[in-house]
Amino acid sequence: MAKQTLTFSARIEIRGLTKRFHYHAILDHLSLTINEGDFCVLIGANGAGKTTLLRILAGLIHPTEGEIIFGSGQITNGPNLRRHIGYVGHQSMFYQDLTAAENLMHYARLYRLSDVDKAITNGLNTSGLDQYRNQPVRTFSRGMQQRLSLARAMLHEPEIMLFDEPYTGLDQEAVQFLDKKLKALNQPNRTILMAAHRPHRLLPMASHIAWLKAGKIVEHLPISQLHKSPALKRYLGAPA
Amino acid sequence: MAKQTLTFSARIEIRGLTKRFHYHAILDHLSLTINEGDFCVLIGANGAGKTTLLRILAGLIHPTEGEIIFGSGQITNGPNLRRHIGYVGHQSMFYQDLTAAENLMHYARLYRLSDVDKAITNGLNTSGLDQYRNQPVRTFSRGMQQRLSLARAMLHEPEIMLFDEPYTGLDQEAVQFLDKKLKALNQPNRTILMAAHRPHRLLPMASHIAWLKAGKIVEHLPISQLHKSPALKRYLGAPA
Amino acid sequence: MDKKPALLVFLDILSVILVPAALVLIVFFTPVEAVMGPVQKVFYFHVSAAWAGMLGFILAAIAGGGYLITRRFPWDWLSLSAIEVGVVFGLIAILSGMVWARPIWNTWWVWDPRLTTTAIMQLIYLAYFILRSGLNTPEAQARLGAVYAIVGVVTVPLTFFSIRLFRTIHPVVIASGSGPAFRMTPRMQLAFFTSLFVFTILLIDLVWNRFRLARLQAKIQQEVSQNAR
Amino acid sequence: MSNILNYLTTFWQMFRKDIQVEWRGRQGVPVMLVFTLLIVFLFNFALQLSPELQSGLAAGLLWVSLAFASTLGLNRSIGLERENSGLDGLLLAPVDRSAIFFAKSLSNFCFTMLVALILLPIFSIFYQQNMIRLPLIGVTLLGLSSYTSLGTLLAALSIQARTRDVLLPVLLYPLALPILIASVEASRAVLDSQPMDHFSSWIYLLLSCTLLFNAAGLLFFETILEE
Amino acid sequence: MSNILNYLTTFWQMFRKDIQVEWRGRQGVPVMLVFTLLIVFLFNFALQLSPELQSGLAAGLLWVSLAFASTLGLNRSIGLERENSGLDGLLLAPVDRSAIFFAKSLSNFCFTMLVALILLPIFSIFYQQNMIRLPLIGVTLLGLSSYTSLGTLLAALSIQARTRDVLLPVLLYPLALPILIASVEASRAVLDSQPMDHFSSWIYLLLSCTLLFNAAGLLFFETILEE
């Protein structure tokens, strides 16, 4: 099995993306390019379409129009592309009757990881769920489910990571784990796109910020240029 | 219909509360008193039992042992008590096929509010969902659902408000609305108990803080006394 | 709303003329069948309606395929229109069959395979509407509706062949059946093929008109949702 | 006095909401209707019921298909309350939970009865006998009202299980057997134009089942809903 | 080559997971089994099947009850993937979606077949004839395999609808009718000890249905799952 990872460049180019629900365009000819190695924070009001955008990128919903080019565009949609993508959404995506370890095992096998056991132990360890590994996911609290979701999404160490408000429900300890993990992940060959409502804590880590408004990306700047957009600064407000 | 509100005092006294799942005690002889007019922030690690505690207080699950006394204890469980309680949980509790306005209407009628229309318009206004009032809840984004949940819980202006991470998924605008609303709600005859993971923004508003750990409340202090508990201060960490 | 294409106007007029013409042909031109009497004249519309209905369902499956390949809504409108019109024709076939059955078999309904498979085919396409109405977006309706229309079309040949598969009291005319068939005189054949033709024209006309209605509905919805915000 | 009024308000509001949701989605009644027809066709094929037999079977088939269909309706009606923990919302409301029970069983009854009323003329055609008779409608009314109150009770029980999707029929059918038998027997007697006193015992059985299950709802619904 | 291997790995992993979940909860098979027995009792009561009749009806009843029961199994099996958007997790995985289809239909088939195998001896006792015959088992195998592949396909269709709880039977039964008829006819022929060539056309019909619906799964499953 030749590793395709070698040739994959984690660049995302979105061109003229439109998504309509009942003829109402949530995303309206949106264009955005995220270069390999970027850590882009996606902000926008409730209902702006952040989740919709991320789900389209993850291949979970189909856009009405427009195209998305990953890397140099050789790998088009399908299993080979999905191998390079990790996604953490609003919901936890687990089999409620299986234990944490069994769920991770299932995904590890679907991703055909070479060392399944190590990957699982590692995932449970870093998310601090070791002691709950044999407990059915059904009994997990919200924060525990979120931790497990993060572990699941990082299991196969994808080059493109899509996070939809990943800090939701995490306690102080887990927040620190995620911060650390994000710093470790943030490498030149990996692209991170993260929807967040209170991005202040992320600003030191992230490289770019994109503002989704009325179906379009109205601002997309490196963090260092933030001062150039007073509107964006105003929207972000004071750190909470 | 005589208003019972006049005689109701919004005090919560929890005595020896135990909740076991499969013989494992999540809450273990927990005792806590929240006085009328308090705004108590409940903190604790993921899986500590915050949600369990709040759901027990809301009457959604029954404790294994222990008792809870509301007010002076005359009003025991049942409809009369539930009238004074508002709860915002992890889930949104709406009929997905009905619109936002219809859902609020349903609850307003169940609570037998005197001016249903005004209550709904008011609720939708303050939560900024006016333009979505006739859209089915099914199509709402996470943040919009959370806003609606808040509107629902406050519809009947209860004396006891239980919030489980109410800031989840809210954007900047909604956060400000909630802050303002909380300040308005925080009155001498109203008690607020709120589970939160990053309570720094709440500290100026709240009056007390309670720390749930290993099934017990290990600290319960007025905010002003926070400096007396170095462990708690360490747990809270630096403001994010 | 754009103007009706000339061909459609022509089809409209054609069907308005042809349906009464066929009726006249059937009533005055064909002989009265010896055994069954005048009721037998239901035959022409009965078979034609059943034929048109099945044609509609097959058309819907093809249009469904078109949607899945191109992902363009007009195909979906066509598929939906064809099924709606097909269901109406199917109902006409069943009702006219019932009218026929009453004097011949002395009952409105028997549990005969042909009758049952026809009714089941109707239910399949009623379920199609239930499926669509349970889906939230036009995209999902189109996509899943197309899959269902394609999978569902397998019952059409089954209904057609049911009289040839099972022992049945329902007559077989087309194909060299040996069952309780009746012979068609040349005049009967003329009327029969005429009404088949007329119903085919009627099907095309109705589907086309319904298709335009679907397009209009989509347009209105679009405008409404644009004005909403 | 004001208590009774409150009770009725709750009852009415819950009932109204069910009608509203059904009206919005228009899914329960059509699904049930198509489903009953399907069952009838399926049985006629699979069991190859011969025509002579069928007139006697009409009552049995009517009730079996109504029983199956109304399970669908019950599942949907209670699934509605469960989506996104809507049940929590109800439990929080300051209302008597038994009022919720009565409202739910009334709405379930209405939907199933509607299906039955559409079914009777269709059955009349299929089985060549006039089934649109007042006494038969009366029996259907009684039978369905006890069936749906039992069903509502058990549906509330079953949603708390992990296997809620499939549990209801397994709980419901055995318990509903007396109701079904009584309804079938009474319907058969009506169709055979027997005098009332020949089957009055079945009617009494149905009446007492209705009373019993409604009383059970009144007593136990609160207990069933709490977690 | 490595593609085929990948495909098989996915298939095997999905199948294994279904078995694991079933083993953990032990909910699908027992529920189906109890349900089939209930249906048999219900029919015997409601339709007042007389003992002489029953031997001819056994095949019909067997298939009707299997059809009903396996709908429960299908609902549960696909409900499993839906809970907490588990379906999203599957869609994210770098696997061929048709492999998921084959795995799901195999596991559904296994559970239903297990129920059928337990049912055959029970039916033998109820209807006083030996039903544990190899040809009958063969017919059951064929019939159920095409039934479950069609069912899996339609279950995937129906979970995307708002009325998913109740939609499946309405979609499935009419389309499955050919399968059911063929299975009933073939089973009847086997029970009457007819020679194979008397009912071989039914067997061919079943074989072609199996092929057809599996091909439909291969073609359409990807399309069905995308949102």
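Observations
Which chain is which? They are A, B, C, D and E, in the order written, and residues in each are numbered from 1.
Everything below uses one rule, namely that contacts are C-beta pairs under 8 Å (C-beta built on N, C-alpha and C of every residue); 3 or more make two chains touch, one makes a residue touch a chain.
Here the structure is a predicted model, which means the values were calculated and not measured.
Taking the mean Cα position of each chain as its centre, C sits at the greatest distance from chain B. Across all inter-chain contacts, the pair with the most C-beta pairs is D-E. Averaging Cα coordinates per chain places chain B and chain C 59 Å apart. Once the centre of each chain is set as its mean CA position, chain A and chain E turn out to be 38 Å apart.
Note: centroid distance chain C to chain E, computed from Cα atoms, is 32 Å. Averaged C-alpha coordinates put the centre of chain B at 47 Å from the centre of chain E. For chain A, the set of residues touching two or more other chains reads 21, 62, 96-97. Chain D has residues 25, 27, 31, 34, 38, 41, 45, 162 in contact with two or more other chains. The multi-chain contact residues of chain C, meaning those touching 2 or more other chains, are 120, 123, 127, 130, 134, 136, 229. Chain D makes touch with chain C in their complex at residues 25-27, 30-31, 34, 37-38, 41, 44-45, 49, 51, 54, 125-126, 128.
Chain D makes touch with chain E in their complex at residues 25, 27-28, 31, 34-35, 38-39, 41-43, 45-48, 56-57, 60-61, 63-64, 67-68, 72-73, 75-76, 79, 162-163, 165-167, 169-170, 173-174, 177, 180-181, 184. Of all residues in chain B, those touching chain D in their complex are 1, 58-62, 79-83, 85, 87, 89, 91-98, 102, 106-107, 109-112, 152.
For chain C in complex with chain E, the touching residues are 68, 117, 120-121, 123-124, 127, 130-131, 134-136, 140, 143-144, 147-148, 150-152, 154-155, 158. Listing the residues of chain E that touch chain C in their complex gives 150, 153-154, 157-158, 160-164, 167, 170-171, 174-175, 177-178, 212-213, 216, 220, 223-224, 226-227.
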